[in-house]
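You will see two complexes here that share chain A, one where it goes with chain B and one where it goes with chain C.
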Partner chain A sequence: MPPRLPAGCSAQLANCLDQSLICTAQRTATAAGRPSWPSPTTQQTSSFSTTAPRELTVKQRRFWNWMRKGLGKSLRNPKPDGVNYLGSVIGSEKSPDIPFPNNPQFRSSPVLSDTARERIYENVMKKGLPLKAVSARHGVDMRRVAAVVRLKEIEKRWEAEGKPMALPYAKAVLSMVPTHDCLPDSQPFEAINEMHVHSYTQQQIFLPTSESRHFTRADAAKAFGDFILPPEKKMWVPELLQFEKDVAGGASIKDARVRFLETTAQSEKELGAKHAEQDKIVRENNTRADTDRFQFRFEAINVDSSGKNGRHVRGVGWRYGMPHNDRKPGAVKIPTKVE
Partner chain B sequence: MVVKIRLARFGRSNSPFYNIVVAHARTARNSRPLEVLGTYDPIPKKDIYDPEGKPHKDIKLDITRAKYWIGVGAQPSDTARRLLSLVGIMNPKVRQGEPVRPIRMMEPLKAQPKTTPKTA
Partner chain C sequence: MRFRRLLRFHGLKRGRARQTWNKYNLFNIASLKERRLDNRTFFQQKWEAKANTRAYHGEHIKERQWERMFSRRLPSVVNMDPRYLATDDGSSLAKGRGSGLASQGEKHTKIPYMNMVYFPMERRLDIAVFRALFASSARQARQMVIHGAVKVNGKKMNFPGYLLNPGDLFQVDPEKVMTATGRPRPSHEKKYVAHKKRVKAEATEGAETVAVEAEEEVEEVTPEAEPLDEDAAKKASIKAMREIRERAKDVIKAHKSDMSGNRKKALRTLMKEARASIAKGQKSGTPLEETKDIVKQLADTFAKLELTDEQRREKEQQEAKDKEPEVTLTKGDMELIKREINAELENPYDPSKPYLTPWLPRPYMAPFAFIPRYLEVNQKICAAVYLRHPVARKGQAEVPTPFSSKFNQLAFNWYLRRG
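And then the complex of A and B:
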């Protein structure tokens, strides 16, 4: 026997059928507005509840009206650039990059799209441009450029190994956040020469010097403290200073660019040589012995490095009579950089 | 009293770490030794840029002092002797009937190709 409808629910059912937004079960309505029940012999294709749907509350009704006719109409579909945040239509400070109107401090920043990452990888690994030049060209931080190259390298290796990729996931995530393509004519992705402001440099110092002295940024840094560096030593791409100076001095942009490329390539070469030198020192102090399972790496040390009482912090090995602070609260054990 | 070269276990549970020490034979394992010759990290690790290679174990050792202590008659424990034999300070201990395990010594890394990752 077909299930009985409770009395007085037909009107509500009909109401429900009109609102396809809320009703998800597939059903057919007869001309009388009443659903036709499948005969007991036929296979039922969808589960069907006879419980009447809850009536919309006033707030719900207002919300759906707002979505259909009000400001919410423009929020139904994403915009061509991928995002369509609520903060663009309501809130005290309307802006397209505010996803939560009650928190205007939170701005959704763009991420590098796959095209951009591929472009950076090609510039660095295929064209062999210096990292600094790629960073300056696209306005992407040096560390981010390095990270992109590392991750792309892993991605390509996985592709070559035939490992499965979570591409639908990546696509879905990238479709929900604003992206940046690093096109030749696009704005810089981020500020690349931002530097940390040391608290020592925020004080006022009255430093008597002679008027004839040419007081430079390096002198100012030294006045703040012996270990404070001038900005040109702290910034990631100091070669941009020379580029600007060249342009201001009347050189053509093309010449300035050529010089910039040369100096950045030179600095990268010097850095590579420095790393090679450090590697060489490590290699000369290391001996390796291969057994069938492991390689034993011996590093030469000096027992005197532990000082007269054996407790010096540079001494090798676990120290005696000293607390080992690996479980001290507040000690950061998560690695903070890539070696 | 016999002076021994032996390992003193430090580290935490399930993450051992050893000091290679010179100590009197009858003293407690982790008591203050005569000298700390180095360390031995027995957990094998893989290289980040060479995940396919053989895992390695890191040892720090003052070879000159180790040779000195062996020269004045310090007795290495079996494990310590195994480690010292890897750098040629002693001959490995060979038990009867057991094959001698081959150890391939490398010159201080001249055979290694120079690999400086571009992005490091």
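And then the complex of A and C:
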């Protein structure tokens, strides 16, 4: 049988074997007499390696200094009285609400505290105030008011079901972020009349007009484009405009408020009626069949709505010979909405 | 291997900012410095800005994918005061030569558009989960989504790349959130080391007691030689003490195998005390009263220890029952107790959980704890609503980015792909 290892290698191996034999011999010799084990001091440093442990690099040393003696030590745990961000200590613009010292334009804005959420929920669900009125009263965006109610509803349901909630987590997080209580006399939580800047309005336009012309916001909107709306028409709570007009016209704030409440309640009622009407139409066009597990809904469909080539959006079903595009490579399967 | 990858991810050498709550990352963000870029070519400047900002904003997302998401149109809002809208029709802004009569010295706060470069990223489900403080890193949030712990509008969504629509409600399994944001349970290794230490301590203690017992046996001979002119009563007390000690010894011997460590320890201390008292009582000049008291105390302690664990527990309960009517609590005390009990119920010790109990937030969480305004979060049920897309307003941008406007602008220029 030819040697499995090259000649040089086998020589090395033999050498190595010899060494190990010698080692065992020594070991047995010592074992026969009184074994002389290394003293505890020598045993603690590795008996296999004589290389010194790697020193820390400059950056590592700087890091550990920062962690043990420097700023890192104070950032380890949340402060008992409030937020604990980097920007309060370092950065060009020191402020307690800046988490990233290089970016003073990003601030940690307050979140609604649990009492504030509870208050909003009570105003909407128990007192039955219109969303718009609650939004204007606390200075909380309409969408946020709706979200708070939605989330509170789930929370109450879980509470009734006895489902375990992340209570210690909630307590810890709300102690780490700035919070807002929405008290009757406190500052508004956020600006509720913010408007999206349409890209058409970001251009400069040269518009010749007479000096005597009374050029208003509505005229400016029209100059930017036929379908650009003036800010008055883009408000989330347009009833606020009438409220301010009443106040400016000399009405007492109390009266103006009463009128505001009435108009907002009316608008909400109208919106509800509109939705109910739409639902009714859908229900009339659908046939429903209840089984023990599912509800089957049948909708009246027009075959011609698929168009000449069968690809129209309104078309349903599949036409013979038409390839599906959803199996093409690179087609994204991630849903774009969940209802 | 995993550890090495983690170290490289948060390496101090390159010092990249990442979307995590890691302490190395905190140090890297704190020491981010605006490097001098003006001595480099424009391409180099853009490259550096792109590389660093992308290392933070969705580094787990492929570059091509991000390029498709990028939009040069950066969203912003302006606040229109209803009072101003009601009282002014805007014609004052068209006065003069058509640009208003406002004084020239008026300072305008700009809208920091450039901080909004990565706003499309914030729409992604995984990044929104991280921003809502439900995960300690964007990658962890991504894993939560993939493992099916996240629901969108009540339906399981396992695509981390799902782009949230305004009004979408996403919720994460509270257990997963507590695991991700809480302190880890001590590892087996740590537990083993602690156990070893305890065992070692007990062993050394045992050896000491053996030595003490040996000493005692030697000493026991000496009392025979004591002077006989002592008071008879004193002698009787000393005898009682000795008896107690002997009985304690017998109890230890009899229940050696089934006795708890604490009880063994207590009995040994009792024996030691008895020995010391005997020595003290033998000395001339110790008042008789004191010796009697000591005997009584020792007898009481022994009576408690002599019983088995179960018997003792029963006795203690009985005693507590007897004592109960004597204790009168004020209203404040009751409230305090109630609060304490509630806190205990809310955050109990439970070794079956995958995190350390009672739950505590992980270290270095506070500097990263902020919730952007485009999310409304309910921490109790670990659910949040994506209200709207992030926007920029005067002097403020809602995309959380650790980089300055200038640096972000260079990255924006990179993605514009125009010279």
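FYI, the second predicted complex is superposed on the first by the 202 of 339 C-alpha atoms of A that agree within 3 Å, B and C clash if a C-alpha of one lies under 4 Å from a C-alpha of the other, contacts with A are read in each partner's own complex, and residues count from 1 in each chain.
Keep this in mind: a residue touches a chain if its C-beta (ideal position, glycine included) is under 8 Å from a C-beta of that chain, and two chains touch if they have at least 3 such contacts.
As the structure is a prediction and not an experimental result, all values here were calculated from the model.
In the superposed pair of complexes, A:86 makes contact with chain C only, with no contact to chain B. After overlaying the two complexes on the shared chain, residue contacts for A:165 are found with chain C alone; chain B is out of touch.
Residue contacts after overlaying the shared chain place A:291 against chain B, while chain C stays out of touching range.
Residue by residue along chain A, chain B and chain C are tallied for touches, and C comes out ahead.
In the superposition on chain A, contact is made by A:150 with both chain B and chain C.
Shared-chain residue A:275: touches chain B; no touch with chain C. Of the two partner chains placed by superposition, only chain C is touched by A:100; chain B is not.
When the two complexes are overlaid on their common chain A, residue A:49 makes contact with neither chain B nor chain C. By the document's definition of touching, of the two partners only chain C reaches A:245; chain B does not. When the two complexes are superposed on chain A, the residues of chain A that touch both chain B and chain C are 150, 339. Contact residues of chain C toward chain A in the complex are 12-13, 23-24, 26-27, 29-30, 32, 34, 73, 75-83, 85-87, 89-91, 94, 98, 112, 115, 133, 152-153, 155, 157, 159, 161-163, 165-169, 171, 174, 177-178, 181-182, 346-347, 358-361, 363-373, 376-385, 387-388, 391, 393, 395-405, 407. Interface residues of chain A, counted against chain C in their complex, comprise 57, 59-60, 63, 66-67, 71-72, 75-79, 83-86, 90, 99-103, 105-109, 111-112, 114, 117, 141, 143-144, 147-148, 150-152, 154-155, 158, 164-170, 172-174, 176-177, 190-191, 193-197, 199, 214-218, 220, 231-232, 235, 237, 240-241, 243-245, 248, 334-339.
Chain contact summary for the complex, chain A toward chain B: residues 124-125, 131, 146, 149-150, 153, 272, 275-276, 279, 283-303, 306, 310, 315-318, 320-321, 324, 326, 339.
If you check the complex, the residues on chain B that touch chain A are 8, 10-12, 17, 19-20, 32-33, 35-39, 44, 48, 53-63, 65, 83, 86-87, 101-106, 108-110, 112, 114, 116, 118-120.
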